[in-house]
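The next block holds one structure in the form of structure tokens; read it before the comments.
Chains here go by letter, A, B, C, D and E, matching the order in which they are written, and residues are numbered from 1 within each.
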Amino acid sequence: MIIYEPNKNWFRDIWNLTTSWTIRKIINGVLLVGVLATVICSVFYHFDIVPLLNSSIFSLLGIVLSILLVFRTTTAYDRWWEGRKQWGDLVNNTRTLAVILHACLPKTDDASRMYFARQISNFCIALRDHLRKGVKREELIDVPAEEGEALGRVQHVPNYIAYLIYDRMQTIYKAGALTEADMINLKPHHQSLFDVLGACERIKKTPIPFSYSVYIKVFISLYGLMLPFGLYKDFGFYTIPLTMFIFFAMIGLELMAQEIEDPFGLDCNDLPTGDIALTIRKNVFEILENRSVKETTSGGIYSKVF
Amino acid sequence: MIIYEPNKNWFRDIWNLTTSWTIRKIINGVLLVGVLATVICSVFYHFDIVPLLNSSIFSLLGIVLSILLVFRTTTAYDRWWEGRKQWGDLVNNTRTLAVILHACLPKTDDASRMYFARQISNFCIALRDHLRKGVKREELIDVPAEEGEALGRVQHVPNYIAYLIYDRMQTIYKAGALTEADMINLKPHHQSLFDVLGACERIKKTPIPFSYSVYIKVFISLYGLMLPFGLYKDFGFYTIPLTMFIFFAMIGLELMAQEIEDPFGLDCNDLPTGDIALTIRKNVFEILENRSVKETTSGGIYSKVF
Amino acid sequence: MIIYEPNKNWFRDIWNLTTSWTIRKIINGVLLVGVLATVICSVFYHFDIVPLLNSSIFSLLGIVLSILLVFRTTTAYDRWWEGRKQWGDLVNNTRTLAVILHACLPKTDDASRMYFARQISNFCIALRDHLRKGVKREELIDVPAEEGEALGRVQHVPNYIAYLIYDRMQTIYKAGALTEADMINLKPHHQSLFDVLGACERIKKTPIPFSYSVYIKVFISLYGLMLPFGLYKDFGFYTIPLTMFIFFAMIGLELMAQEIEDPFGLDCNDLPTGDIALTIRKNVFEILENRSVKETTSGGIYSKVF
Amino acid sequence: MIIYEPNKNWFRDIWNLTTSWTIRKIINGVLLVGVLATVICSVFYHFDIVPLLNSSIFSLLGIVLSILLVFRTTTAYDRWWEGRKQWGDLVNNTRTLAVILHACLPKTDDASRMYFARQISNFCIALRDHLRKGVKREELIDVPAEEGEALGRVQHVPNYIAYLIYDRMQTIYKAGALTEADMINLKPHHQSLFDVLGACERIKKTPIPFSYSVYIKVFISLYGLMLPFGLYKDFGFYTIPLTMFIFFAMIGLELMAQEIEDPFGLDCNDLPTGDIALTIRKNVFEILENRSVKETTSGGIYSKVF
Amino acid sequence: MIIYEPNKNWFRDIWNLTTSWTIRKIINGVLLVGVLATVICSVFYHFDIVPLLNSSIFSLLGIVLSILLVFRTTTAYDRWWEGRKQWGDLVNNTRTLAVILHACLPKTDDASRMYFARQISNFCIALRDHLRKGVKREELIDVPAEEGEALGRVQHVPNYIAYLIYDRMQTIYKAGALTEADMINLKPHHQSLFDVLGACERIKKTPIPFSYSVYIKVFISLYGLMLPFGLYKDFGFYTIPLTMFIFFAMIGLELMAQEIEDPFGLDCNDLPTGDIALTIRKNVFEILENRSVKETTSGGIYSKVF
């Protein structure tokens, strides 16, 4: 995610627009189309051709175009925002889990406190990597040898860590150090670990149906190709900047939607899941161990955080 | 579902567009309309007819057209996405059910662990088939003779399997091996089996009202028929590609919506419920039995998974 | 509800369009407007009048028209779909209630099993009729004389049946045959009886505000009246079919929305609440009594189910 | 709320349109604009002025206009419908509360039954008035002197009544007449009293931001003022009815949205919260005391209920 | 938030429009554009240039423009309204927490009552400041020295206060003064403190993706720049007021959306979180301590509350 102060400075934001790789891609695409339009217009001018098409045809196509772009933008943004909500829920529930555990556990049981602090943090780190390239065991903190071996065997690491947390809670409960009400109160927050995990997997693994994805690309390509033919009659050489501007409008919405569709990756506008995971680690350790974890400064304005 | 990497390659995606049967159907329809438009335009040209209609009439109709297509696309996609969410919930809840059972059951009760692993897997497989052509008993795993007979008698197989799971839990609880808090914690995840089942049945059995379905078809047919008459005056023989393009735009949205409206079938863009059911089986067995189930590789890019 | 196979046959669906009473009403309305337009055009032609209006005025009005029709369609469909969801919840919760009761009740208590099966079924049947013309006692199954008298006294039958169910559960619980965990687990499913009941009453009793309802009617009437005046200048006698087509577009959306707005009645596209109630009865008896209830076949394609 | 039978009679509804004060206000506004337009057109005609503006400018402005009106209509309707949902929840939860209390309380404790019936009814009546002009103590039923004094002291009456209900439940629970499971089952329904109360206060106290409210008014005023100038060139004296019709379209959406924005008041289309409160009182007394409360007939069609 | 009476006085609202800083900013921007347009038109007039562009190009761009503005307005308003809902939930849950605590705690334990009243109030005040400039310890009420020291050490003050509340509840529960059912009933309301906190942090920390934010600004800037060139041909010097009006329409939506996007700040239309926090303090003290807190009058109409 690119850090910026919303609503502060119209022109400084525009000035920094190339911070975003997608905006750069859009600009490249628009320049390419500009070249194409120039070639087409020159040919028309040189051979004195006046195409029969005029701009009225574009308003007919505009209906479907707007439906497609609204559909594309809305569904992509919904994924992005739902992903953010899920990670927000993760923050809430890990905090609550830590607070309740800290209040319920026997005052002397520091070993369990440390265990839970470590495992909750590891769950979040493992989830971050599970949604990217796969979990790397060396990213997890303080994994004892025996547990590391077990982690190496299982196919689904976050799943297994969540199991370990419940198992420890259950052991303590069976030993009588947690009451029935404690277990009932703790449980929804543990359950939400699975819910967040499952929801993120769903968002990641299910892009919009292939038909729609291809259909939009075909439509925009054909529409863009028609633009110089349709505009030349009315606007002459003004066609070149106009084609570029209209194409900028369309391709921009499509490419930005592509970028945020899978919000857990490393694109410029993806969610800062890594940053959130570290915040959770900090909070959880502060609550359960009274140990402060050094804050990594997250850089200045227009810097990128992942 | 067609597997593809979102946002990687604009032109490779377009190149593989015929992977989707619906896109092929759309292309066929568009070619047919192209032939029709050619005939009409030739007649106009030959007999020197200039129809009085012009393209301005289409913007009046465009309002209703866009309302219909938005309505169609949105409701169809909502079903598809809700179906995906339900199966996502199934993943979450079967995992949680397995984890809590594994942690709560007495360490030695391997028989119950195996029983639950088998029944949870069977529930998912039965649900997949229940939403397609009906449950086939030979697809279920390890069904003992006596149970198989009972399954043959009941009309609603997933219902019955869910009952068996609760019955076993209740028996263990009555025997004292599960506490009250365990039962209260286990229950929401069992309940979600019914919730997912009911929601999927609802989506499958309730397409949009018949009036709307017919109305949209009548409207698109009439609109498509008017196109050559309305465009010929302004665009001459350009009418043919234009009619094809505009018809491509409209029919595409309608046919893609039809495809994803019932998302549990075997259409190209339907949900991979079979794949999800197998994933659940794998996860559940891994948790409850420490037995690894071989992963079936799901093929390369642009392959289909059901 | 009209039964149809979605997405199978474009032309067979159109052929059966008059199955729906609303579509028939629309066709009648459109023919009437056709006659009106013919009269107006003939008068213009005969007296050689050219009205000053042209079709550009309709695009100004189109903005408000589209807002109104979108608002109308969306809110009506939302009611219909929410009503369907509520009845879907009823299916889920009655099933779960039956399953948990069957598993929790003492093995020998067949009397209670029969009681619950009967009362749950009666609740659904009473709800169906409560949302239509009022509950008829003879539709309920196996009502003993004493209970029948009580039902005759109360004003709100479904309410009372739901009370009877809870009362019986509470009696058994007080007698010690149900544990605390059982009561806590059973309760959400009983509660959902009230929730579904209340939500359906809300949908039925609260149509869109009267102002909006009248306003839309006034608007469409005036707009339809202006059509022949606005189109004659540009399209001559083509005005007649065009007026009919545009009016078809508008009146269709309004009338279909009217039909599904109160989804619990007996209109062609209303929800098959009766069919669902019978399905619930079948399921509940199968679970609680192992008694199979004969399935009433629901007719062929394009038949109506209520 | 104006009572009407949805979908029965197109023309009878239009005939009764002036039942709604807002529709009357709209008609007044439209007539005023008609006078204004007549004056402007006469001046143009008399001095033979042809303004340079034409109607094409309105399609540019139409984009923003439609965004504003959609935003206005949607947010206002959402408030109205959410308000209705909240009162629907109140109905569901007070019923369930009454049913569970009646089933759980000792058979002989009629005093508590009467207490709860009275306090639940009073809560709803107090809520209705709290959302209008403030609670009047004489509207509450059977308030004993001592309690009345306490009610006079507190600033927030519904809050206090809800406290009284919980306090009585807790007292009975502490005395051993309610079990733990009863308390856990009763609690969500008591909690929903606070939830409904809070949600209604939120809807009432937070209209759309002042900026938007003013902005829409400025925009519609300017747009309406431009209409005669923009239409005269193309339509001559037809400008007068056209201006009135277009203004009718815009001002209607704005004024209807204003009316339903705060749905708890006494406007014609506001929710019948008073009627609902009386229904709840009737239901609750029927359940808890077997006492029938006389139904007040709610008048004929097109009558108003508040 | 600016206090106003919705729907009372069309013209008084317009008269007070400059109460809102954003509306003032919009007016400044529009005047600036007016000057620019005057310069451009004068140049055209003086050198007798007729630009080839005409207003038809704007309807092509209008599609994307409307998508962007709808997207901007909807997402900003959703944040604002979700923020309001979260603070509404805070009101509901703190009230319920106070009521249940007051009913459940031993009659004599006034110390705990005072403790909870203080900490719940402090949580809300700390949350308000946490979402603005950071918590100032002197704003909190009655913080004892020892606790103040601890608050100085922790990085996340609201988190810590919520922990203190749970810790105290747990201590009383362990001491036997609260039952299991009490703890289970109290817990969801305590949990909602974390949920509201997390949701508000999410809204504050995640503005719309940077790409979209920049893209909209670039698009509006270019569109505004094109206006005088595109309108001059058709409208001559009328271009100046028209450009101003259209720019007013666009820039208004963007700036109002900017203002409400982060709804917890001190902009004119931001939520009155401070006012809500004080209301909660008043309610909580009234319930738990029977102590009345003086109401600060919130000023007359069109005054600002934060």
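Assume a contact is a pair of C-beta atoms (placed from the backbone, for glycine too) under 8 Å apart; a residue touches a chain by one contact, two chains touch by 3 or more.
Since the structure is predicted, the reported quantities are computational estimates derived from the model, not experimental observations.
The set of chains touching subunit D and also touching subunit E is empty. In this assembly, the C-alpha centroid of subunit B lies 24 Å from the C-alpha centroid of subunit C. Each chain gets a centre from the mean of its Cα atoms; for subunit A and subunit C, those two points are 39 Å apart.
Touching of two or more other chains is recorded for residues 59, 66, 70, 180-181, 184, 259 of subunit C. Following neighbours round the ring, subunit A first and subunit E right after, the list reads A, E, D, C, B. Interface residues of subunit A, counted against subunit E in their complex, comprise 1-2, 4, 6-7, 10, 13-14, 16-17, 19-20, 22-23, 55, 58-59, 62, 65-66, 69-70, 73-74, 77, 80, 84-85, 88-89, 91-92, 95-96, 99-100, 102-104, 179-182, 184-185, 188, 234-236, 238, 242, 245-246, 249-250, 252-253, 256, 259-260, 268-269, 271, 282-283, 286-287, 292, 295. Considering their complex, residues 52-54, 56-57, 59-61, 63-64, 66-67, 70-71, 75, 154-156, 159, 162-163, 166-167, 169-170, 173, 180-181, 183-184, 187, 191, 194-195, 197-199, 201-202, 206-215, 217-219, 221-222, 258-259, 261-262 of subunit C touch subunit D.
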